[in-house]
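Heads up, there are several structures right after this.
Shared between the two complexes below is subunit A, which has subunit B as its partner in the first and subunit C in the second.
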Partner chain A sequence: MEALTWAGPTGTFLGPIGLILVIAFAVAVVAMLVLSVVAAPEAVRTGRDLAARPSGAFGLSEAAVRWTGLALLGYVVVWLIAGIVLPYGQAGIIGAVIKRFLPVWIALALTFGLSLAFKRRLGLYGKLFDSTIGMIGFGLVMFWVFTAAFAGLFDWVATHQPLTAVSGLKNEVPGVPMPQAEVVGPGAHYLFGGDNLARDVFSRMVYGSVIVIVIAPFATIFAFMVGITLGLPAGYYGGRLDMFLSFLANLILAFPVILLFYLLVTPEMVQTGLPSYMAMALFIFPLIFAAVFINSRWHTQPKVRTPILIVVLAVLGIVYLSAISQRGTPLNFLPGWLDLFNIPGGILVVFVSVVFVNSPTVFRIVRGLAMDIKTRDYVAAAQTRGEGPWYIMLWEILPNARGPLIVDFCLRVGYTTILLGTLGFFGLGLPPESPDWGSTINLGRRLLSIYPHPAIVPAVALLSLVLGLNLLADGLREESLKD
Partner chain B sequence: MTDTAFAPETPAAQQEPLLEIERLSISFFTRLREIPAVMDFSAKVMPGEALGLVGESGCGKSTVALGVMQDLGVNGRIVGGSIKFCGEDLCTASLDELRRIRGREIAMIYQEPMASLNPAMRVSQQLMEVPMIHEGISEKEAYARALEVVTDVRLPDPERILKSYPHQLSGGQQQRIVIAMALMSKPKLLILDEPTTALDVTVEAAVVKLVKDLGKKYGTSMLFISHNLGLVLETCDRICVMYSGEAVERGDIGDVFDKMQHPYTQALFRSIPLPGADKNARPLIAIPGNFPLPHERPPGCNFGPRCDYFVEGRCDAQDIPMYQVDEHERHETRCIRYEEIDWAAPPEAVVKKEKGQIGDVVLRMENLKKYYEVAASSLFGRGGETKVVKANENISFEAHESETLAIVGESGCGKSTFAKVLMGLEVATDGHIILDNREIGDTPIEKRDTRTIADVQMVFQNPFDTLNPSMSVGRQIIRALEIFGYGKNDGERRERMLTLLDLVKLPRAFAERMPRQLSGGQKQRVGIARAFAGDARIVVADEPVSALDVSVQAAVTDLLMDIQREQKTTLLFISHDLSIVRYLSDRIVVMYLGHIVETGTTEQIFAPPYHPYTEALLSAVPIADTRVQKKEIVLEGEIPSAMNPPPGCPFQTRCRWKSQVPGNKCETELPPYRDLGDGHRSLCWLDDAQLASMEPVIKVAAE
Partner chain C sequence: MLRFLLARVVTMLFTALCLTLIVFALTNLEPNLEKVAKSEAGSRISDEEVVSWLERNGYGQPTLVRYGEWLGVLPGWQIEQADGSVRGRCIPIGSDPEIAPDFCGVLQGYWGESTVFKQPVSEIISRSLALTGKLMFWVMVVMVPGALLLGVLAGMREGSRTDRSLSAVSILTTATPEYVSGVLLITIFASSAVGLRWFNGSATSAMEDANFVNFTLPVVTIALYGMGYIARMTRASMTEVMTAQYIRTARLKGVKFRNIVLRHALRNALIAPFTVIMLQFPWLLNGVVIVETLFNYKGFGWTLVQAAGNNDIELLLGVSVVSVFVVLVTQLISDIGYVYLNPRIRIS
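Take a look at the complex of A and B:
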């Protein structure tokens, strides 16, 4: 069987068109930038002239950028359609990859279609669709979320298993055919080539997204729980409590992060049970949070509160105990039938360290917001009707701090993703054969000068996800300021 | 620099208007629609003339000012008309021309003085910058001029002021610096956008007097934007009343105030309390309905739906142009029926409401003291020096059932501290607060029982801050009911919440609304409903209407009075606005620097003999009535810091009667509370003869 080229037969005429479009777009952008500096005085419009389009060379370059940009977008769409419609191989590797992602495209199209149709009724989420930057960011993030969901739940998208090695494909270039394959179709090629253990780079990238998409948001949520539970009282009460907690936060922040990770994952440390104890301490925060949250709201009606509290705490308690009780660690007390699940030791360590280093920053943000909001009249109104401090913190202050917190959450998921990559890259925590992006980049790094593709593919994936998260945060911030 | 340089322009130049706005329309463009902010607005400012621009918030008056400055932001645009300054059209002026005009020919003074000054620059640098940029004069000359202007705005010790940073000055001093900065380049036109709203009344009076005097001295024309009719009366020659983006009436101050020709102007005057008039003879009349949103304006006359003289088919048939009123020169009105309406007719008789019978003493304060200790260093708080801030000193008074007790004073007088102690947010340092024979002064709120908490509730000042923005209106009221232990289940509480909404005259559908969907007045009503959720017997109202528009103020004030009559509530009304205090209170407590300086019934306070501070306070209130004549008493200096109060009488540093007291008793000894008869008490050393020599501050001229 023949190897696939990047663009296949379609590329012979689509390729040059793309090249021309890219060059035209680049020229237009450069021209606009230069002209905007040269022609600055005329470019500023005030009063009623604002409505009129600017004329002259600058206006022309602006129009050129707009039109070439649109053409480029159209070109991408043509490729997408060609990839999906043309039979396997006709559009080369690009077409085949596009075809593999078909469920993701459908899901994305549905999400965007519905969101755009109802954007006026969807609050801040709907407003996001008014900002191009926000839409691009959201699109990138959702691309990886859907990919992870389909790969993790249904084993779609990927062509091979992440750990299957096929002899003879070690370090082969993208588009290499499988030795024994007879039918030309999905799975007949290593689309992005093989790595130095002869595994499929494309499939490992797809499965790697599952690990990132699961751990990063969860770890961030935990960091927020810890940061909020400590930051609210620090900001609300102030004084010595604030001084003590802020000092603690500064202490953690001042500690070199990578060194901290190395310390946490060394076998000796794991043997002493330190990560398990830290997990015990950090994972209790969601319980405290939920209990205080529910109690402060319904404490005047014990009949309503007690059942809710019992149910929530029981569920969370079991989850909590299952999470911290591990075989092979000093914390192993739950009988097997009650232990719902076991988190692999490596992942637990990664989780704990990410939460540990992220929560002080969240703490400081929440503390600052609480200090600001506690001076509002509605907080005074709550105080004068005799509300408890936790009700005021969780029901009066926290909901009104949500704007900046949501933006920070998006950014922080991005940081966490990079942190996970860093951990994987240093081989900390996760098992060496894990397909997560950091570990894959590290594996590919060794032969980077000869075979760049095993490292570049996960690196680009990581880049696009973090870029998407940052753009999403930008879009949210921008849109939440508008009205 | 000689005085001739500042002299008014020659009479020959007075033929041409300085600023001529013709049929100006300004719109803002949002992602949903175009929002017209100003429509068909025309105005003329002659050299040396002061034009007042009056209207409620959202009527477009600030937009006009920004339009003149050509500073409408990215989404604002002039969609029609012209603005001519000295014959030059500002709408077509290039950026360079605008840069030359802004700051040099037209200067603007904004509402918030702290936000107009650069906190990182010394005052002198900020002032000198103006002529150095615009006229290119040397640093030395610029400094000389800065010194001169700062002296002109009557700041003490100008050289020290020039050296200081903005945060080292008080709000009043900052605003004077902003005015000085505007005058640095001798502008032809000064735009003042609510220049005194953020200041205290006595400071406001001083700043307004200053602006008026400077206007005369420099011959500057002024565009004075305000929501306060009294202020405009004191400062301006001509007035333009705006409503919902349009000018509705325009004319000389005297004509518009006394012979108004537009129903909105009339309604506006009827909705503000005048301290010269009695509340029974001249009850407040609120304007019914709400201000229309810019994109929901009615056809025809914008004021139509709220107007008493509305005639269907005429007022809403077509756009109403400005009509020239024949009897007066340069007096125009946007009312199609102005000739038919009998403007002199008294307002339709309002049902006179029975005054609630004042009952027993409910709340008694005895020698209440509240001191704060301010540590010199917070890190090592235990050691080192501590300073004591005496926020409240010897506060004693009684409040009766269904009585309105007004607590009057400027910022820093300790009225908010007193409210905090009463609510239990702070514990009194000394003295007693007795509620129904129970001592509550030393009980913090956590230790008070539910009944006590529900009995003493508070209505807050800022309507935009009083409701939790992320909780629905109904939910917030139900929460108060839950806390006060009302009702057995959610159903009962919900029912009660709906009746509370009825009580404050809000539609029941508002229960599901979020606070951002409500106007300021509506939010304040919800705040009142929440305070009365537990059948409160004492309600502390901390300036409940001062942040509202005048037409809404009247409605909210009336609502409070209605509820009081119904529920026999004791209302502690904290305010600095003596007009409204006179209108609704039975007794008044005047506070200054933590002390009660005078207490008595409303009649006693508003008639001589006064405490010298009360006298100054009364004189400072702007009154929107041409018949009222006021004695002008401007307080010099600043309120002393509570951290370092003057010895003797707290008011001695600013008192104009001090020289009348023999010896230096004012400076050394705290005066006793003198009983002037019938419970009227005053903290002053003046003897009876001197007190008897005081003249009334406010006189209503005979008709």
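Take a look at the complex of A and C:
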């Protein structure tokens, strides 16, 4: 069987067009940047004048950027359609990869179609679709979310298993055919080549997204629970409590992150059981948060409050106990039938340390917001009404701080992804054969100058996800500032 | 001002004390010590032998006492051996116990001995700090002017297409961690398979003699990540200044746009980025560790990885103390600098 080339037969005429478009776009952007520095001051426009296009060389370069950009976009769409429509191999590696992601494209198209159709009724989420930057970011993030969901739940996107090695394919270049494959079809090639243990780079990238997409948002949610539960009273009450908590937060923030990881995420540390105790302390915060949240709202109606509180706390309590009770660690007290799930030791310590690193920053942000909002009139009104402090914090201050917090959440998920990659890059925590992007980059970097593809593929994947989250945060910030 | 300074310094010292205690406790956990005993006295020794080895080498005392000894506020341990000679923390092997000092800790300048490199910790750290200093100097030379230029250009005309494209560039660089940009840069500029082969993919030779070929990639890798963040802060500060009343007055007077930016706006717009640049140091430290590992440049970050990976307790402690102090001192400088640069705070 023949090896696949990057673009296949289709590439012979689509390739040069793409090259021309990319060069034209780059020239236009550079021209615009240079001209904007030397351009006349008339180019400063405000408010409604933005609609009027500036004339002269600068205006010309702006138009060139716009049109070449649109042409590039159209070119990408042509490739997408070609990849999906043409039979396997006709559009080369690119076409085959596009075809593997077909369920993701369908899901993305559905999401965007529905959201655009109903965007006026969807609040802040709908407004996101008014900003180009926000839409690009949302698209990139949802691309990986759908990929992780389809790969993790149905085994769809990947062509091979992440840990199966096929002898003879060690470090082979992208598009290499499988030795024993006979039918030309999905799975007949290593689309992005083989790594130095002869595993499929493409499939490892796809399965790696599952680990990142599961851990990063969850760890960020936990960090937010800790930060909010401690930051609100620190900002609201101030005084000694604030001084003490701020000191603790600054203490953790003064550690360089990598040093903290090297101290916390070691096999010796897992042996002492310290991560389990830290998990015990950190995982209790969602419970406290939920209990206070419900109690402060309905404490005047015990008949409503008590049943809700019992149900919520029972469910969360079981999850909490199963999460911290692990076989093989000092904390192992639940009987087997009650222990719903076990988090593998490596993942637990990674999770705990990432939460630990992120919480102080969230604490500082929430504290600052609380200090600012507590001087508002509606807080004074609630105090006059005789509301309790926790009601004011959770039902008056927190909802009014949601804008900056949502933006920070997106940025922080991106940062957590970077941290997870850092851990993998240093081989800390997760097992070495794990397909997560950081570990894969770490494995690939040793032979980087001879065989770059095993490290490049996960690196670009991680970059696109983090970039998507940053763009999403930027779009959200812009849109939430408008009202 | 003086009271403010004093309070800050006292808080800083207290924080440093707490942090070193935490680091000390975390590096001297039971399993770590066991590993030290096994690597020094043979990996097949029994549990009792481990305990007795630890007793004989001063690891038997409570952690707090040993922290005091390491810090130099408690006298170092001394143990009389079976043959009557005295061994101790402060007594180098082969010297006379009578003339040895009572206290020997970090405060007295005794940082211990590295078990991996078989050299005094202070020597290793000063050598690697010098190497990292060289790297950081060039990073600053590339990063700071680049970031300020990006930020000022983007911020002087808010909302324009230039602003949007430059902001996109700074978002892109903040979204690219060093281990991603390093891998990409090595592939493009140094790979023997597909790349341009302009630069070296390893910076080992740059330790002796740094030149354009072997030092560009590590410097650019660190600078890129920090650049985006500083540029965004500069942009925010610049846009704020550009909407100020006095800029409008200058515009109405008919001052040229170029002169408004250079003479009127720039100075006020650069106060905020100063703080940000100082506070970037802890982040740069992360970048240094990643880049030095990736490019095999044996500086401070590389030493940290070696010490932590090989359970070299004394060296890891030394590295931690230095990095924590770097972070705290830059925080202090940024606080003082902010107060000093901003006349509104300085005068009140």
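Definition applied: the second predicted complex is superposed on the first by the 472 of 483 C-alpha atoms of A that agree within 3 Å, B and C clash if a C-alpha of one lies under 4 Å from a C-alpha of the other, contacts with A are read in each partner's own complex, and residues count from 1 in each chain.
The rule is simple: contacts are C-beta pairs under 8 Å (C-beta built on N, C-alpha and C of every residue); 3 or more make two chains touch, one makes a residue touch a chain.
Note that the structure is predicted; figures quoted are calculated from it, not measured.
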Comparing the two partners subunit B and subunit C, which touches a greater set of residues in subunit A: C
Partner chain(s) touched by A:259 [first = subunit B, second = subunit C, both, neither]: second
Contacts of A:301 with subunit B and subunit C, given as first, second, both or neither: first
A:399 touches, of subunit B and subunit C: first, second, both or neither? first
Which of subunit B and subunit C A:33 touches, first, second, both or neither: second
Common ground on subunit A, meaning residues reached by subunit C in one complex and by subunit B in the other: 41, 44, 50
Subunit A partner contacts - residues on subunit C that touch it in the complex: 15, 18-19, 22-23, 26-27, 29-32, 35, 153, 157, 159-162, 165-168, 171-172, 174-177, 179-180, 183-184, 186-187, 190-195, 201, 256-257, 282, 285-286, 289-290, 293-294, 301, 304-305, 308, 311, 316, 319-320, 323-324, 327-328, 331
Subunit B-facing residues of subunit A, complex: 41, 44, 46-48, 50-51, 130, 300-301, 376-378, 380-387, 395-396, 399-400, 402, 482-483
Residue numbers on subunit A that touch subunit C, as the complex places them: 29, 32-33, 36-37, 40-41, 43-45, 50, 62, 65, 133, 247, 250-251, 254-259, 262-264, 266-269, 271-272, 274, 414, 418, 421-422, 425-426, 438, 441, 444-445, 448-452, 455-456, 459-460, 462-463, 466-467, 469-471, 474
Parts of subunit B lying in touch with subunit A, wherever the complex brings them together: 30-31, 70, 72, 77-79, 91-92, 95, 98, 423-425, 445-446, 448, 450, 453-454, 456-458, 460-462, 465-471, 480, 482-485, 527, 530, 534
